[in-house]
Amino acid sequence: MRRGGAILPFFVTGCSGVQTMMGGEGAEGANFIQLFTVFMIVCTVMYLIVAIALIAAVWRRRNAALTLDNRRHHESSNAVRPALIGWTALIAVGLIGLTIASFFTDRSNAANGSNPQLSLTVTANQWWWDVEYSSPDASKTVRTANEIHLPVGIPVEIKLKSNDVIHSFWIPNLAGKQDLIPGRETDAQLLPRKTGLYRGQCAEFCGVQHAQMALDITVESKADFQRWYAAQLQPAPPPANPLQRAGYNYFTTRECGSCHNISGTPATGQVAPDLTHFASRRSIAAGALPMNTGNLYGWVADPQSQKPGNRMPTVGLKADDLHALVAYLETLK
Amino acid sequence: MSLHPSFTEDVSALPTHAFSYRSLTWWGISAFMVIEGGFFVLTIASYFFLMSQEQEWAPRPWEPPGLVAGTLFTLAMLASEIPNTMIKKAAESYDLAKVQKLLVVMTGIGVVLFVFRAFEFNSLNVLWTDNAYGSIIWALLFLHTTHVVTDWGDTLVLWRLMKTPHGEDPRRFVDVEENALYWRFVWLTWLPIYALIYWVPRFFR
Amino acid sequence: MSSRFRSSALALALVAALCGCDREERQTRGKPLGETVPASASPDTVFPGTGKLPPLDPRAAAYEGNAAAISEGQRLYNWMNCSGCHFHGGGGMGVALMDGKWRYGGRIDQIAASIVEGRPNGMPAWRGKLTEQQVWQLAAYVRTLSGQVRKDAVSARADELSNTPPQTQTKREPLSPSDSDQQ
Amino acid sequence: MTPAERAKQPPAKVPRDGPDLTGPELHEKLEATWENPPGFIGWLSSVDHKDIGRRYIVTALVFLALAGALAIAMRLQLSKPDNDLIGAARYNEIFTMHGTTMMFLFAVPVMQGMQVYLTPLMLGTRNTAFPRLNAFSYWMYLAGGALLWVAFVLNIGPDMGWFAYPPLSGPQYGVGKRVDMWAQMITFTEVAALAAAVSLVATILKQKAPGMGLARMPIFVWATLVTSLMVIFSMPSVALASGMLLSDRLVGTQFYNPVERGDALLWQHLFWFFGHPEVYIIFLPATGFVSEIVATFSRRTIVGYPIVVMSLVATGILAFGLWVHHMFATGLPRIGYSFYTAASMSVSIPTGLQIFCWIATLWEGRPRLQVPLLYVIGFIFTFVIGGLTGVMIAAVPLDLQLHDTYFIVAHFHYVLIGGAVFPLLGAITYWYPKATGRLMSDRLGKISFWMIFLGFQLAFFPMHIAGINGMPRRVYTYPAGMGLELPNLLSTIGSLVVAVAVLLFVINLVVSLRSGRKAEPNPWDAASLEWATSCAPPKYNFPHLPIVDSRTPLWDAGEKLPVVHGLRVEDREVLLTTVMSAKPDLREPSAEPSPWPFIAALATSAMFISSIFSPWAVVFGTVPVAVALTAWFWPKSPKPEREPVIS
């Protein structure tokens, strides 16, 4: 889908591709590349005209006499008027053409979202994403955080809300952005066309940790998606060994459970990310750290040095409790 | 000076003051009226923007503002245009004694208006902290009050000024005339605000 | 302007910067700590009429009147559902927090102790459920409900239903510890 | 004698300029009338537009340096991924201060400073229409800037971005006094900008040289008129928005609280209704600079004067219809998208026409490649890129991707630095001899031009790529492995080059003050009236006020400049002319120096600043303000009308 790539090799150098406008893995993202290419061509032509005219104008009489011609300082040659008319016409035609191209792209984008077959709600918080796959059947509702799984080729409608300040929902590989505004409900339509792992990020400044408010997107086959969904519906597995049990006890009776929820346990906090299947995610703390044991230790021990200013306090865990908690959290696949 | 002057036109016979748009300060006052009018227009735009968020206006259970004080204020405001026009005329004919007398009248009218205005704040039936409706109603009334206060202060100062030997200076009559112009602005802007504070909340619920 | 004027202005600015305002500084670094009760405040010491109060806990200084701490406390007040009983300070199931009457003491460390220990008749103990920092932040916020804190550290309202007069206008209620008998 | 009789009196017999009173004798008398009172108080009391303009420009350049230093700090933090040179909270303060300072304390004031300095000279008058208002404007600006920066130094500087979107800037999430400091700084700068704009509009409409009808005004004056009117129409919007924000934060109004039926988007509408014209308030004076410089250095009048003027006016009007394009991502009705797109793009038509006229002027003329013209050429090369990326982001489908990314950062730096700062640097070089009497070093000027031009491209072009590779704005760090390392490193290097170049420019400014080549009255052989008086101009600007009968008076005058005579020399007096055709109409007194504007500014500052802490300050604070204003407007003691007759 990298149609723009042929024309704009410069723009795609060095892209690893998880968070780029030049990905085009979604219908709207692909439309963007097409339209952007059209604009680039037109704008480049216009720029070259201006640049060449400017260079020629300065170069033309570089050796002319340096005196002011008092009699004729206001006269212009006959070429100015036709050139002006031509230039105006060129701008007008160019702008009309670009507006029309933009109009049709917009129509195409609007059509993408006309018939959604999957609906989810993303609620932004300082600085993480609360994700809920709603279903008329309450027992089929899945709640997760900082990750979205989407089946390929299926139009999705995402309802967007905010619990605090204005954020912006942006997965450049799939589509343009849409703000999440407290007191309003907005929505975004996605039509992913290619399986893959992408990254989204908050695009509206939302406070101290705006830079680390990302979102992992997995576009997968429909079968994979359904497998994932079924797994998400399960409650968290019970702890299997004494260490995990100690972590479970700490989590459910102490500070952690005041804010976090783990389905199937007494931890029912609703103000922080749902951790029921935490260990199956790709990252910790809204994309701040890749998911691995080392980062998990670092995060749980002192979240404030990993992502200063975020809402998770540094508890000051004893080493035993830390080991136990991490061991338990890693079971939450 | 690089070029030698060639004396082409003598301007010493030109007058040193004039009324209306020939005067420099008229342009300054007009510009400030445009600025403040801009404030009012934008506040009114915000009013309608916030109104569009509500199903009814004033939103229940809030009652629309009581009419008495606001209407009295409006009537007094309209009546004040009579002495205001007289003062403008008197200034344009350099009638110092009349200007001095009418400035006292205008200052007195201002005091009456303040009394009505105080009761207006008391009759809004909503606090600025209650909701956005209350906030914008208070904002409109507050904004307009600042204008009444400003022009009243100006009138007061002019009244004192015209009693000094400065009152003999023809240029001061231009000041008086422009003060009268500003007062027109103050009461003209009040009329839409009166409708927005007192009547629109009655019609849209 | 003389250079002396400029250098003295610079010196002033430096002095100002050195003794600067950290009352708005966000404290992001949590301090690792053990089991914590604000040390000086236990039910014995805060109960009215039992003698002199111990000196104020030194940790209070970092929270009392600190805008960032108060703001965090305000959020925790909602997050931990304090409003479920105390409402927005007006009281309901729980006691009113905006009237300056304190059965267990109205100093920030005394309030912190009340949060940690819990109190009879329904106030749960938050020991171990909140970190010490969070408790202090909550206590700092609770103090603002009765206007005990400087007005430039509080905000007029939160983005919620308007149910109290703006905090910036809250009158400072005199602290009166001994009204408990009447309640 | 009644006032009515007094008004009809024939002109008093007092000393007047004319054939009988000219040359050194006139100079001595006018100098005595127009000079500042002695000492520090006299310095504070100055109402000379040249003093005020100079103060504006110097102060704005200091703020440029401060905000530039912050830019360097940000670039160092972003030079590599996951850098921890500057923490998140501090970085947010820094970018907020950078944007706020550049927009409110550098760009608009420096343009107004240039306008205040140049407009009366270009119009051939002695001072601005409201000199005391102008002085007040400067002191308010200084106080607002000082408030913001003192707050920053004291660690209570704003941290929510220069756009201050609630709820982030609101009472719940904008913790402490940070946002209040920002919002009150807005009030200060709005008052300052509005005051200066009012004075400029009245000056332009009423104090043109006799014969200088609207169609003969220099294009820079046209640009000043349009931008001043834009200030008048747009600034109330942000002042209202920030007033509502302050009242939300301080007295608990609910304007932006969605739970109480307020709306966060109300802020965005009001802010951008100001914010978009703001861009043109910065850019249009720059087009004025460019038009003047192009004409002078091509040694011919500008091609298509009416087209350039109409373009200015059209841009000024269109600018008020475009604010929505800052809000495409907020979920506006889709039905309007194409309309917004077309409207936003249409503003490129007048700009395209202006660029045509400048190039045509160069084509038709005989360009001299001196430093001011180099900046203009650099401006066209750079600005057109910014304009074209502007066309891209006018298209909704493109903007929804590009919005709030580094692509936008690149776009508006191309527009604002390329479009406004380059012409400004050219203009400073161009008018420096007028203000100081000496020319800037040409060699140093060329070196710093090339360094700024190339350094700028290196700093900002890679930001387009960073944006396309998915880098959002206003992030203090970014992860490795997303293709962001190289563009960011190049940007950092480029920004350092620009910093060194700007330093060279400043060195040039300072050194030339002492050792630059002495300037003739008209060192560039230019055509407009400011070059008719000496470099630097005397306090009274012109010994005799010139008469104009073409757009290029100095090129058409020949050996002798036609002037009017008969103005008082022992009292400050200016000549008023009619609005459209500039016929002499009145001689009005011009304000004397006074410390009251300064005192009024102090009183107003005290009221504004204390209102952050108590709303009652609005009530009690008005008393000293009213006292100061009364003293300011109280006329000086009436002099006896009849003075000794001079022979």
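Think of it as A, B, C and D in the order they're written, each chain with its own count starting at 1.
By our rule, a residue touches a chain if its C-beta (ideal position, glycine included) is under 8 Å from a C-beta of that chain, and two chains touch if they have at least 3 such contacts.
Since the model is a prediction, treat every value here as computed from it, not as a measurement.
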item	value
Pair with more cross-chain C-beta pairs in contact, given A-D and B-C	A-D
Chain whose averaged C-alpha position falls nearest the assembly-wide average	D
Between chain A and chain D, centroid-to-centroid distance (C-alpha), Å	37
Between chain A and chain B, centroid-to-centroid distance (C-alpha), Å	51
Averaged-CA centre spacing for the pair chain C and chain B, given as whole angstrom	46
Where chain C and chain D are represented by their mean Cα positions, the distance between them in whole Å	46
Chain A: positions in contact with at least two other chains	164, 182, 208, 308-309
In chain C, residues with contacts to at least two other chains	26, 28, 157, 159, 162, 165-166
Residues within chain D bordering two or more other chains	87, 89, 167, 172-173, 251-254, 257-260, 263
Pairwise chain contacts, counting only pairs that touch as defined	A-C, A-D, B-C, B-D, C-D
Touching residues on chain C, where the partner in the complex is chain A	26, 28-34, 75, 79-80, 128-134, 159
Interface residues, chain B side, partner chain D - complex	1-18, 21-24, 27-28, 31-32, 34-36, 38-39, 42-43, 46, 49-50, 53-54, 59, 93-96, 128-136, 138-139, 149, 153, 157, 161, 165-173
Complex interface listing, chain D residues touching chain B	1-4, 6-7, 10-11, 16, 18-19, 22, 129-130, 133, 194, 197-199, 201-202, 205-206, 210, 232-233, 235-237, 239-240, 244, 247, 251-255, 257, 260-263, 266, 269-270, 273, 520-522, 531-534, 542-544, 547, 554, 557, 559-567, 573, 575-576, 579, 584-589, 622, 626, 630, 633-635, 638
Chain C contact footprint on chain B (complex, rising order)	129-131
Residues on chain A engaged by chain D in the complex (per definition of touch)	10-11, 13-16, 18-22, 28-29, 31-32, 35-36, 39, 43, 46-47, 50-51, 53-54, 56-58, 60-62, 64-70, 72-74, 76-77, 80, 83-84, 87-88, 91-92, 95, 98-99, 101-103, 105-106, 109-110, 126, 164-166, 168, 170, 172, 175-179, 181-184, 186-187, 199, 201-212, 287, 308-309
